[in-house]
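Please find the structures below.
In what comes next, chain A is part of two complexes: it sits with chain B in the first one and with chain C in the second one.
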Partner chain A sequence: MMSLSLPLMAAVAVLGLLGIGLLGLLVTRNLIKVVVGLQVLVKGALLALLLAGRLSGQVQTGQTLALTVIVADTIVSVVALALAVQVRRQFGTLDLQALSTLRR
Partner chain B sequence: MPDISTLAILSIALPWAGAVLIWLVRDRQPQLQHALAVVFTLAGAAAALAMIPQRSEVNVLDFPLGSAFGQVTFLPDGLAVFLAVVATTIGCLAVVFSVDYMKGEKQLGRYYAYVLFFIGSMVGLVLSSNLLLIFVFWEITALCSYALISFYNDDPKAVTAGIEALIITQVGGIGLLAGALFLYAYQGNYDVPTFLAGADRLPPNVLALMAFGFLVAAAAKSAQFPFQTWLPDAMEAPTPVSALIHAATMVNAGVYLLARFYPAFEAVPNWKLAVVSVGAITALMAAVMALVSNDLKRVLAYSTVSQLGYMVYAIGAGGIFASQFHLLSHAVFKALLFLSAGAVIHAVHTRDMREMGGLGKQMPLVKVVMIIGGLALAGIPVLNGFWSKELVLEAGHEGGPLWAWLFMLVGAGLTALYTLRFLTMVFYGEPRSGQHVHDAGPAMKVALVPLALGTLTTWLLAGSFGHFLGKALPEGHDVESTGALLLQVATAPTTFVALAVVALGLAAWWQRARLAGLAHSLRGIGTMASNSFGFEAINRAVVSVTEASAESLRTTHNGVLNWNVMAILVGLVVVLAILALGGA
Partner chain C sequence: MFDLLIVAAMLGCAFQAVRGTRLLIAALWLAGASALTAIMMFRLGAPEVAVIELSVGAGLVTVLFVFAINIAGEEPPVTLRSLVPAPLAWIVALCAVGLGAAMALPNLRVESSLLQADKFATVLWEHRSLDVLLQVVLIIGGVLAVLGLLAEGRANARKESQ
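What follows is the complex of A and B.
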């Protein structure tokens, strides 16, 4: 039986989070669910940064970058959710397909 | 006296600071804006002039920007300081001229801010010795020229001309960026002096790619064949901006690039021939087009294209000194011509020369200085254009192929012909429009007189100018004293041949009634020339093909998030596949 070291588990978790996040972005049309998908995706990226920091021996760099990402990511989701509330009030729907104005 | 690195920074930063200040002042105080523009360009010119005695052959100022960008370094050697002085002083005179020309215009802040930003960027372009930084300044000048050509942004023609200039110079910029990246890949940094000192360390095919990439960049910037269309179309700009683009900034950058990198690319097979061909074809073609245009500014624009052809030709033939000396003469007399044309256009409110005529009586000073500038353009002794053009022709006779030299000779004759044509149409004959003409304003005259004096005298600087360029010239360029240089020109057989051709051009204009039959038989060429030899049609074809393909790709941009994420994923897979294949 293959031994499950910490980095390996982390790598599997990274791939899993990234996969789930991307899948969410790929299939959903609801704006709230898009934000959720994005959150999962970013959490995968966070874990990847920490893992890379540990593997390369530069733990602090990885942690610093992760903290930066947390800040940016929080702002993104706050603004996105606020927008979602406004969009719902203005247009009465959260369906991206219905909201898109780029169709001809 | 501040040291050279401070001066170098000042000559960039002063115009830029002025640009920001003028923008902050807002348009409610036009007098303050005029004053600020003049003061800051004057200060920039003073800083550039103060660099003359302190020029240095090695990098000054080493400011690290991190590993990917390298060092911010400046190389204020003779060539760079010369171009910085041209950009700031001619730019300063154009700004002084603007005080009268742009009086009462709206949005002066936008105008002056871009003009000053433009001047500062041009100085940065010539002073920096980091190729990536050169590229950055190169693109800033392109952006400024776009904004200024489209200054009258409610006029669709001006907007189109600005976009055309931007797109064409961007195409050239790709050549420069590719060159910079190649240099980084093979040298490990962007340092230009290191590159010039040992260009043969690069593999020959990479060096050739860089050489021809730079030629494309220079041709696009200096409006050389086959990119010449943007410069005449750029005439929609306010006239001081045209003077700025044609004499002080922008088009000189291409010639500078070729002159600066000539030592590195000299040995690349066929490169010199390509440069000579581009210059010769441009010089002749633009001269023909200048002959048939009826728009005063367009005639001057074609003459700029043609004279730039002479400079490029001289570089290809190895005459760096001749080309830079012609650049100096051209900057002075072309700024003079454009600014006096601006005074004329300001007075009669049209650019069509068929509606001018007989203006000499109303604007005596403008007439005198414009004739001085015109004769310098035509290459009449003893004006500065004569000496530098003869030097170019001599260098070309020694170092270039015979056909190109004959092209240039015919071009010189045509130059004399079209110069007389536009001077006659503007100043002599009967007034063709009944409207009131007012003479040039005081600030206009203040800007014109020094340029006219320069046109009469800069040729006296020949020897010290050669000495000044010094090490910036490739090896084997002997620098002679003014007297020896002038004597050499005055006794060279090529001078007499060229003078004979110029005289022939003048005589052809004198006897134009008798030559009507000949002119009639050449009408076909004239028609082709008024259609700019089909290059406008090529431009239009490129635009319509681009638009059609963009239209057909529109279906892929449907604004659906899922579809876009899918595209990102596919892109990721493709990149991973390429990496996997490359690693195998």
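What follows is the complex of A and C.
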């Protein structure tokens, strides 16, 4: 029987990362900081997948799913950062509040 | 004890990344959180994904953040009022964490003492080949999207200069 201390710590990390990521998405007004919040959220999801794989005895399936999530998350970050760069060039700001009221 | 230190440092780095006012420093805190996440993954028995997270999450994504912040230019570190009031955001986040803890922590037990016998490569290439196909499609789509975005920016700049 595996000790529960490591899964418990991993569960605490998952919940903490998800909470911090959600908080970041809610409070930030900067477009790049939104991507940072999303990254934190996805790290929590990655750990959750691996923890689920460990608890169910299917570590390799959890790793495979985590790999897919890493690829998807990286692509999302790259596209979002390229979008942020273009928005900054076009409108001169990264503030979400200002962007939502701008007309070009 | 070691796990507790790792988790505390990881959450501290993530919190600093989210709450910091300077973008470049936030990106570096995020890299620290990624590295500590990779250690936690290794401790959970997933060394392959831990290495990928360390190289992609802490390496490539950090370089991309620094590159994007460098091109976009960092905005002055002013503290703007958030769109959602901060107390409300804290309440929502704490409620979400509390609900997650109430649902997950009581059921946190090892269902099976048997470990999967297959190797990572076997599971990835034979059992989850659709995932590999999806990854290839995602990478090609992402590259095309970035190229399109950058080409659009260049076209606009050329139009304005004429």
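Please note the rule applied: the second predicted complex is superposed on the first by the 96 of 104 C-alpha atoms of A that agree within 3 Å, B and C clash if a C-alpha of one lies under 4 Å from a C-alpha of the other, contacts with A are read in each partner's own complex, and residues count from 1 in each chain.
Definition applied: a contact is a pair of C-beta atoms (placed from the backbone, for glycine too) under 8 Å apart; a residue touches a chain by one contact, two chains touch by 3 or more.
Worth saying up front: this structure is predicted, and the values here are computed from it rather than measured.
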| item | value |
| --- | --- |
| Contacts of A:34 with chain B and chain C, given as first, second, both or neither | first |
| Which of chain B and chain C A:94 touches, first, second, both or neither | second |
| First, second, both or neither for A:6, with chain B first and chain C second | second |
| First, second, both or neither for A:26, with chain B first and chain C second | both |
| Which superposed partner A:45 touches (first chain B, second chain C, both, neither) | neither |
| Chain B versus chain C, judged by how many residues of chain A each one touches | C |
| Touching both chain B and chain C, residues of chain A | 22, 26-29, 96-97 |
| Residues on chain A engaged by chain B in the complex (per definition of touch) | 22, 25-29, 34, 96-97, 100-104 |
| Chain A-touching residues of chain C, taken from the complex the two chains share | 3-4, 6-7, 10-11, 14-15, 17-19, 23, 26-27, 30, 33-34, 37, 40-41, 43-46, 48-49, 52-53, 56-57, 60-61, 64-65, 67-69, 71-73, 75, 80-84, 86, 88-90, 92-94, 96-97, 100-101, 104-105, 108-116, 118-120, 122-124, 127-128, 131, 134-135, 138-139, 141-142, 145-146, 149-150, 152-153, 156-157 |
| Parts of chain A lying in touch with chain C, wherever the complex brings them together | 1-2, 4-24, 26-30, 32-33, 35-37, 39-40, 43, 46-47, 50-51, 53-68, 70-72, 74-75, 77-79, 81-86, 88-90, 93-97 |
| Chain A contact footprint on chain B (complex, rising order) | 554, 557-562, 565-566, 569 |
